[in-house]
Structures are given as structure tokens and as C-alpha cells.
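In what follows, subunit A forms one complex with subunit B and a second complex with subunit C.
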Partner chain A sequence: MASIHLSGLTKFYGKRRGVEDVSLQVGDQEFLTVFGPAGAGKTTTLNLIAGIVTPDRGSIRIGEKTVDPLEPADRNVAMVFESYALYPQFTVYQNMAFPLRSPKHCLPAAEVEQRVRHFATMLKIDHLLERQIQALSNGQRQRTALGRALVRRPDVFLMDEPLSHLDAKLRHSMRAELKEMRGQLGTTTIYVTHDYLEAMSLGDRVAVINQGRILQVGTPEEVYFQPTTVEVAKLFGDPEINLIEAKIRSRQSTSVRVQALGEDWSFPITPEIGSALDKLTGENVQLGFRPADVTVGVNGNSSLHGVVYSFEPLGTKSVLTIDSVAGQRVRALVDGHRTFQVDRRIEFSVPSASLIFFDPESTRYLIRSTRTEGED
Partner chain B sequence: MTQSRSPLAKIGKGLQILLLLAYAVFALFPLLWMFIMSIKPDSQMLTTTFIFTPTLENYATVLHSDYMQFFFNNLIVSVAAVLVSLVVGVPAAYALARFQFKGKEDIAFTILSFRFAPEILVILPLYLIYQRLGLYDTYFGLIWVYQLITLPLLIWILRGFFEDISPDIEAAAQLDGYTWWQVFLRVLLPLVKPGLVAAGLLCFIFAWNSFTFPLLLSNNVQTSTVIALRYLASDTVHYGQVAAAAAISALPEVILALLIQKHLVRGLSFGAVKG
Partner chain C sequence: MAELILKTLTKVYTQAQSAAVDELNLGVRDGEFIALLGPSGCGKSTTLRMVAGLESVTSGEIRIGNKLVNDLHPKDRGVGLAFENYALYPPLKVRDNLAFNLRAHGLGAKEINRRVDEIARTLQIQELLDLKPAALSSGQKQRVNMARAMVRRPSVLLLDEPLSHLDARLRVELRTEIKRLHAEQRFTTVIVTHDQLEAMALADRIAVMNEGKLQQFDTPLEVFNHPANEFVAGFLGEPPMNIFRTAVADSRRLVIPDTDFALPIMPAIQKLVGSRKELKLGIRPWGIRVSQTQTDGAVPGVVVVVEDLGDETRVGIRYGEVLIMSSIPVTRRYRPGLPVFLNFNEEDLNLFDPMTGERLSDGSDSSNQPYENAAENEIQAPVSR
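Here is the complex of A and B:
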């Protein structure tokens, strides 16, 4: 068990940036998810920690030990690969026993047997131990790969999108199982994923990474409700967050009147928001709001107008895309039992209680309406 | 296939077997012909019927001459050539499959180009160089020049096999506590074994059958392929002895191929290691 400290990790593949200046602290027994789109540098980060890739600059500490000069074998790190990387010539049992039989660990046969059986039972693959890898389903391979990492009892677990090749249902049940398992094991874990739901549900904290740089590290609530940049806000949530440019027309101490989406409207503000808006250089502000917070009305007390562009029923919820007066589209998540005709005129309102304010110049987070900064 | 017992499927299956049989006869006929020739006396050699008095005289003549010495010469240079190719080629194939380096494709192509340059094109300069260096008529000289035949083949076949193995597997094994060498020996080599066997055998066959190089680059250290020429004199041709010599020469290849048949089929049908 150990904490992990990354400082200034940089790795370029030729001219292509793998990661640049990644600094990150992971506490002992913490479960950190690293979230980002494809090619963001997530896997590179894991490979650097595992020692599979050597950094151009920067340093890694696991526990009290600087591991930079150590070979992967000597770091006591276990990794679950996206491709599972099982040894195709071995059986499930041999795969799981392989690390324990290595010259590095070299456990007596009885203990190998006992450990492999223990974790195989825990992962519900004890009936498959004599199977060849080729004869396994994807889910079973995934469990075997997990088992091979678990038997080691390493200081640190690295998981590289372990669930991404499973079908949706299995992925959800494995997610729940992983969550349960992390409680039992209590090992420091870095878990890489491109699925924001996985990142938020599993992680004690989430590190958001894109184009080789860390954008934000925080609790799942922080990254979702107080994204540091527009970029982070866009990465979380499906359908994507709505981002609109608003021109500030006039401001009182308790409300602000803006022109946005082609219409003039106003909403109440707190003194904190007022002082945050004071910091803006121009008269524009960028507003973000989640589709789930948009209210779509019919009876005339909504402030904005539009035309239904598309309507996608998804069961309990439906995604509604609205063409606003200005032509910019707004996504809204509405109740599944409501239906909307395409091209129908509708009214909607932007929730003043859950607006996120961004500086349009720097695209950085200013403030949000219901939560104040520093609040958890 | 098995549950659909329609007449059409049956006919298709029958046709398939028939075609395969025809091909088997076609492919094996030269071997049979060689064997028949080797047990015919010279006087009946040109009869077109299959009626003749079988004799082992041809074999006796060949085995009592110094032919066997050249047979062993061939064995020594061919086996040694394959071994050298394995020692050099396996790491080369691994490097070409795994590492990104400048001029990688150029190097790979240059290696391959050794294979498609006709031997006769390079034999004269090679002859002169070998004379100067004192490599002419030595085992070492032949083993070295055979690398032109064996090495490209081995490298290119094995490269494909190494490329099929995910680098993640290597990384996983290293994380599991093995050094690079142990990973190579315990994880990678078993995975490329079918390719290794198939490529090794093909290399051996090509080296064994090599004619131009031993003909022109050696004299006393001669191989059986070249020596078989001696039965073709300008006045008489001892077809029976040629056939017997050839039959003896073909034996190592046939035996080897039969011994490693299992790996050979897997090795020649690529992608055997996809997990």
C-alpha cells in the first residue's frame, strides 16, 4: 500500500505529445480515475508509472521510494491492460500463477495454488481455471486479467480501460463489482477510462486529462459541478453541456439582464456572482447549463422561444434539440412520457439556479449559481 | 456442413475430395517417379511401361562411392547456415517488428532484396572476393554465403509473427516480475515457435537445395547437389544413379517435414498467436 507522487512528467513520441508536465498526487488507498477522450495521454501516464515507458522529464515516487531508475518488475505495480495482454499459450490458472512463479516473487507451489484459487473464486472464474485463453469470452478474459493483477498484492494497481471491450450490460455489472471489490482490497489504484460515468462512479477523485495535460483534479462532484474550464465541462455529461455566449445588457445587485440565444432575458444573481462578473474585461460572459436542467414549457411563462429540431426518445428520458431564435441549438433532457413534434414551436427556460459562468476569453471557470467556490 | 445433407452439398463435398486427391497425386508424382527411376536398371530406363526388373544396384553404386561424404558436407553447411540464421535472424526480426528506428523499412527491404537478386548475378564478384579472402572452398565460406538465402526468409517470416504479439503481453510479463530475457524466452519464443519451426525448415530446404553457390564457390568442400552432376557424363547418363542420389538427398527434408508437420501447418497459416 502506498501513495503515488508524479511530478512534471513529460513524454513526447517524436513530435507527438504523449503527456506534458503531469503532476499528480494519489493518496494511500485512494481510488483515482483518470478520465479523458481517446489519445489524451491516459495510457501513457499509466505506462510511465509502470515503467513500461521512460519519461523525458519528471519523476515518480511510490510510497517513499523514487522509482525512476527501477525496472517495471521492481516497482511492485500491477496493471490490467486494455487488451488484457493474457498469455495465449497458457491456461487461466497458469496466467494467474505466472506472476507468483516469477523469479521476483517465487512463492512456494502451495501458496500459489491457494492465492490463485482465492482470487479466482472472488472473481467467479474458479470453474474456468483449466481453460485455454482462446476458449474464454471477453468478460472471462477481463476477469482473468484482473485476477492476474490481484494475486500479486501489489502496492499500486493500474487499470487501463478494463471495461471498455465489454458489452454495455456486462460493463455496468462489472462496474458495480469493481466498486465492491475496491472496498475489500484497499489498494491504491489508478483507473483510466474514457467513460465519464465510470470515472465518476468509481473514483474517490477524478483527474481530467486532455491532449497530454491535466485539466482538473477533483472529486466527482467538483469536476461535474465546478469544471475549471469549458473543455472539462464538455467532457462530462451526455448529452453534452449547453454553452452559450451572453452579452450583459444591464446589471442590478440582484439580477442581470442578458442578450443570449437571440433574445433578451434576465435572471437573479447573488452578490458572489456579481463580484465574479466584475472581474470580466468585456461585456460578454459564457454560460453553461446541463441539458437535464433545461425546462421545456408549454404554458407561456418561459422566457425563451425555439423550434424543435430533433427528438430522440431514450426510454425514461428523451433528448430534445431546440433551435433557438438565434439559430444556436440547445439540448434538453425531458421526461420520457412527453413527446414533441419536430418543427413545433416551443418555449423553454434556462435554469438560473444551475448556471455555470465561464470567462469567454480564457474559457476558465468563474462561478456557478447554486454552489460557491470552495464548497464541497 | 454436416447437418445439411442435401444432394448438392454431397456432390460438392465429393468434388472437393476428388480435386484434393488429384492435386495430391500431381504433387507426389515426381517423388514416385524419382523412386521408380532409382530402382530401374539403366537398360530399362527409357521404357514407357511400368514393367521392369527392380534393382538396388543404383543405390549400391551411389552408397559405395564418396557420395555420402558430400551428403554430410551438405548436411553440415545447411544445418550450420540455418543455426547462424536463427541466432542472427530472431533478434533482427524482433527488432524490425518492435522498435521504431530510422530507416527501418529500408533495412527490412534491403534484407528482402538479397532474396530476389538472382544468384548468378552476384556470383562472379563473390567468387573473386572469396578467392582473395581465402574463403573459397571452405565450410565457413559456404555457410556465410548461404545467409543470402536463409536469412531474409527467416527474418521476414518471423517479423510477421512478432508483429502479431501485442507489446502489452511483453509489458505484462515484465510487470509480473520477469527480466526482458526471461520474457523473451518464456513468453515470446513459445508464441513464435510455429513460425520458427516453419521458417527454419524452409531455410533448411533452400540451403540444402542450393546449387549455384556450392558449384562456383567451392571445390573439395562440395555438396551433394553439385556432386550429383558427376552421373551426367558427356557420353552416358546414369539416370538410375542420379535418381538414387536424389532420393537419398531428399530424405532429410522429407523426414524433417514429417517430424514437425504439426508445427508446420500452424506456422505457415499466419496469425496463429492472435489471443
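Here is the complex of A and C:
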């Protein structure tokens, strides 16, 4: 068991930036997800911790120990890859027992057996131990790969997109099961993914990374509801967050009137939002709101107008794309039972409580309205 | 534009044990958008290739606008085809890529220019016309690719996984554009995809295929809400439908043996259960409401997983081997270890035969008609001689 400290980790591949100045603290037994698009520097970060890649600058501490001079085998970290890297000619048992039979561990047979069975049971593959790898489904292979990492009882787990090879259906159920097992593992884990649902579901905290730099580290709730930049906001959610430019027309202490989407629009604000707006240099503010927060066909004083551009049912929910008065498109996620005709005029509104305010100059987060807890 | 009819369309590859496409019946109405949906190897691409004329037909008929096209050359079938990979001619400008097939058909330069400009407007690629493919982004390439398939004004537009090479953001964007384009142009369109969201979003009707056989052919909501069998139920929907085996106890309750799971058999499904001893129960995560107060018919359980996903919360409850997931509005109320009660929404229950996987139905449910019927009705008129 150990905490992990990364300070100022930098790695360039020639001129190409792998990661730059990555500093992160991962608490003992914490599960941190590292989330970003392809090429963001996620895998480089993992490889640096594992010792597979040597940094240009920066330092890594695991527990109390600086591991920079240590060989990968001496860092007591276990990696789980996207590709399972199992020995195809071996059984599940042989694959899982393999690391324990290496010269480094060289455990007595009874201890090996006990550990393999313990983790096989946890992973629900205890009935498959004598099976050859070829005879397994993808999900079972992934469990075996996890099992092989678990039996070593490493200080740190490094997981590189372990679910991304699975089909969508299996990915959802494996994700839930992995989360369920997390409590029993109690091992400090860094988990790399490009899937925002995985990042939010599994992580105690999420480190958002892009182009080799950390953009934000926070709880899933923080990165989703209080993204530090527009860039972070766009990485979470499907469909993407709506971002609109609003011109501030007038301001009272408890409300603000803006022009946005080609219409006049006023909504209540808190004193905190008021002082955040004071910091703006221009008279514009950028507003972000998630498609699920848009209410369609509701009359009210904040009603906006538009025309249905496209309607895409997805089952439980449907994506409605609206051409606003100003022509800018707004996406709404609506209940799957409702249908909308293309080119029909509709009214919609955005609850002020769901608005996230960004500085249009710096694209940095200013503040958001207070969210009220959903009731069931 | 024209209707497209497939009648007992079959493809058997010489060395293969079973048919790649097995007696497929489908009727696509004039102007309709249908999706061929299924996992890799289900026969969807083979079907499209047979329609395009790129693959020979073992038996059965392909009719476009009531004309048998089985033996026609691809270019004489009146189909426009856009592949997953763009296959644009690299040395040619976009304009010439679009004009290429029109020139091959001997159209005059003026008419060609008119058509190219028109389709470029439609697909919003006017400013790309003088660029070469290498200068285009993948999203732009796919637009050009589609424009090239449409510029000939085909009777039937065939799209083979046109979005699957694109990144997530672009995929959603172009999906919306294709949907909009179809609403405006009403091309008879067949799209092949393995992405159920794409099929749901775009198609008027979805033909779900597995192992060469048609599983169901119906509107997206019908396929989603009343899947004809366990395969269809499992293939559509994200997060996936909860599907698990239950035993019938004293003909009053559905139970997962050796667990606390016991769901009273509601009047609505009594007839379906009949004298069965066992069946599979399917319910989507949104069909289960989680509550801390006990109500009539609620199933007790303990929370083992909570996933906070921003706009929704997913809660997992375990019964032995079965992990049941429920999707609820965002709330911070649930934590692992918390005892809860599950309320199963009657309308969202799906029952399947545990052996065949077929949906159990009392006959009032339209989706349970033999699945060929939807296509058969379409076929009757034009095919009868």
C-alpha cells in the first residue's frame, strides 16, 4: 500500500511532447482515473511510473521511496494493459500463477494456489481456472489479466484502458463490476481511459489531461459540474455541452439580463455570480449548459425560440437539435417518448441553475449556479 | 428514388458451413431510411454489397423500383455507395472527384457543374471544391464521400459504416447532418452499422441481423421497447438491458434462487408466465426505480455499486451472480451497503423463453408477429405478378 507523488514529470519524444510538468498526488488506496483524448499523454504518464520510460525531468515517489533509479521490476507496480498479454497456450490458473513463480516472488505452491483461488473467486473466474485462454470470451480474458496483476499484491496498480477492447455492452457491466471490486482491492490505482463515463464512474478523483498537460484534477462531480476551462467542459458528456456567447445588457443585484441566441433573456443570480461577472473585462460572458438540462416546450419567462433542425431517437432519450433565432444550434436531450417534427417551431428554456459561466477571453471557468439536489 | 425489395436473399460462400445471409426478406419504401444493424459477421455488409452488385447472389431477388437487378452491372443499378474508407482519388480536386462518375456517364460539362454545385451546397462543402483530398479533415472527407454517392441521384443510397472512422464528437455531428439531409432529400437509404445508437438515431426502421438471419425489422422505438428476442434486447441500448434467468415460485413470484430476489407476478404478465417453471426477465435500467421506502411488490436488495455520471446515477444491486443496474436521476443519496427496494415498472418488463430466447407474448403485442411479416407486407404488392 502506498501513495504516489509525481512532481514536474516531463518527457519529450524528440520534439513531440509526451507529457510536460505533470505533478500529481495519489493518496494511499485512492483510485485515480487519468482521462483525456488519444495522444493526450495518458499512457506516457503510466509508463513513466512503471519505469518503462525514463523522464527528461521530474521525480516519482511511491510511498516514502523515490523510485527514479529503480528498474521496473523493483518498483512493485503491476500493469494491466488494453491488450491482455496473456500466454495463449497456458490455462487461466497458469497465467495467474505465473508472476508468483518468477524468481523474484518464488512463493511456495500452497501459497500460490491460495492466492490464485482467492482472486479468481473475487473476479468470478474460479470455475474457469483449468480453461485454456483461447477458450475464453473477451470479458473472461480481461478478468484473467486483472487476476494476474492482482495476485502479486503490488503497491500500485497501473491500468491502461483495460476495458476499451470490450464491446459496449460488456464494457458497461465490467465497469460496474470493477467498481464493485474496488472496495475489496484497497490498492492505490491509476487507471487510464479515454471514456468519460469510465473516468467518472471509477475514479475517486479524475485527472484530466490533454496535449501532455494536466488540465484539472478533481472529484467526478467537480470536473463535470465545475470544469476549469471550456476545453474540460467539452470532454465530458455526450452530446457535448452547449456553449453560447451572451452579451450582458443590464445587471441588478439579484438578476441579469443578457442577449444570447438572438433573444433577450434574464435570469436570477446569486451575489457570488454577481462578483464573478464583475471580474470580466468585456461585456460578454460565455455560458455552458448540458443538453440534458434544456427543457423543451415549456412556457415561462425564460423561454427561447427555435426550429427543429434534426431529431434523433436513441431509445430512452432522444437528441433534439434546435436552430435558435440567432442560427446557432442548441442540442437538447429529451425523453424518449416524445417525438418532434423537423422544421417545427418550438420553445425551449435553460434553467438558470444549470448554467456554467466562462470568461470568453481566457475560456476559463468563472462560476456556476448552485445545483439543487435531484429528488426521487 | 425508388423502393428496394429483397426477397429470400441468400449468400453462401463456397467453403462456408452456413449462409452468410440466409433468406433475407426486406422491403424498403420509397424515401425510407433503413439500417442494417448487427455485430461483425452478421451478414449486414454482405447484404449491402449484394445490393450494390459487388457480391454475387446465391439465391433470391433484389428489386429496385420493381426491376430485378440481380444480374445488372453495379453502375446500371442506380445505386450510390459510400464506404467507411473514403476511396477518393488523391490526385483529383474535390470537384473532380464528384464529377468523375458523371463524366463516366457522359453528362455534359454544364450539367455536371450544376449538379456538383448543388450537392456541394446540400452537404456544405462548397469551400472544399478546389482542394485535394489530402487537405481535408476526416469529417470533410466523409462529407465529400457522401456527396459523391449522392451526386448521381441514385435510386437507392447505400452507406457502409460511414461514421465509424470518425472521432466521437464528429460522429455525433455528422449523424445529425445525415438525419437532416434525409429529412430534406428523402433518398431511399440503407445504412450498415454496428452502432446501435447510430441505427436508432437515423433510421425509420431497423433490420437487426445476427448470424445471417433477420431478427427483427421495425421502427427504432418498437425494436427498443419490444425486442423480438433476447439477442435484439441485448444488442440495443446503452447501458444494456438487465437480462437474467428467474424461476417461477408457487406460480406467484419470479425468483433468483438462493437470493432475496422475489418479484410478484403482476396481472399484466400472468398470462405470459402461464405454467412455465423458468423464464428470462429483461428490464432496462430506466425501468427500475430505486427507493428507500418499501412499497407493494418492491424487491429488497443492497446497493453494491454507485456510479455518478453527471446527468444520471446508476445504482447496482447484486443477487448472487446477477448484478442488476438501475438508472436514476442524479442524487447523492445512495452508497454501497445501503438497503433499498427495487420497483419494476410493469410496462418495461420483457419476458423471454429461457431456451429459445424468443419474446413471450400473448398476441396483443404487435412486435411478436413473425418478424418477416413487416417485410412480407411490403413485398406483396410489387412482387406479385
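Following the convention adopted for this analysis, the second predicted complex is superposed on the first by the 363 of 376 C-alpha atoms of A that agree within 3 Å, B and C clash if a C-alpha of one lies under 4 Å from a C-alpha of the other, contacts with A are read in each partner's own complex, and residues count from 1 in each chain.
Assume a contact is a pair of C-beta atoms (placed from the backbone, for glycine too) under 8 Å apart; a residue touches a chain by one contact, two chains touch by 3 or more.
Keep in mind it's a predicted model, so treat the numbers as computed, not measured.
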item: Fit or clash between subunit C and subunit B when superposed on subunit A; value: fit
item: Which superposed partner A:Q134 touches (first subunit B, second subunit C, both, neither); value: first
item: Partner chain in contact with A:L107 - subunit B first, subunit C second, else both or neither; value: neither
item: Touched partner set for A:I248, first subunit B, second subunit C, both or neither; value: neither
item: Touched partner set for A:L70, first subunit B, second subunit C, both or neither; value: neither
item: Winner by number of subunit A residues touched, once subunit B and subunit C are compared; value: C
item: First, second, both or neither for A:P88, with subunit B first and subunit C second; value: first
item: Touching partner for A:A176 - first (subunit B), second (subunit C), both, neither; value: second
item: Which superposed partner A:L185 touches (first subunit B, second subunit C, both, neither); value: neither
item: Partner chain(s) touched by A:P99 [first = subunit B, second = subunit C, both, neither]; value: first
item: Minimum C-alpha spacing, chains overlaid - subunit B and subunit C, in Å; value: 5
item: Doubly contacted residues of subunit A, that is, touched by subunit B and again by subunit C; value: none
item: Partner subunit A, residues of subunit B touching it in the complex; value: 166, 168-169, 171-179, 182, 187, 190-191, 273-275
item: Residues on subunit A engaged by subunit B in the complex (per definition of touch); value: 47, 50-52, 71-73, 75, 77-79, 81-89, 98-99, 102-105, 133-134, 148, 152
item: Sites on subunit C touched by subunit A in the complex; value: 39, 167-169, 172, 175-177, 179-180, 183, 196-197, 200-202, 220-221, 224, 234-240, 284, 286, 289-291, 304-305, 307-311, 314, 316, 318, 321, 323, 325, 327-333, 336
item: In the complex, subunit A residues that touch subunit C; value: 37, 124, 167-169, 172-173, 175-177, 179-180, 183, 197, 200-201, 220-221, 224-225, 234, 236-240, 290, 292, 309-316, 319, 321, 333, 336, 342-343, 373-376
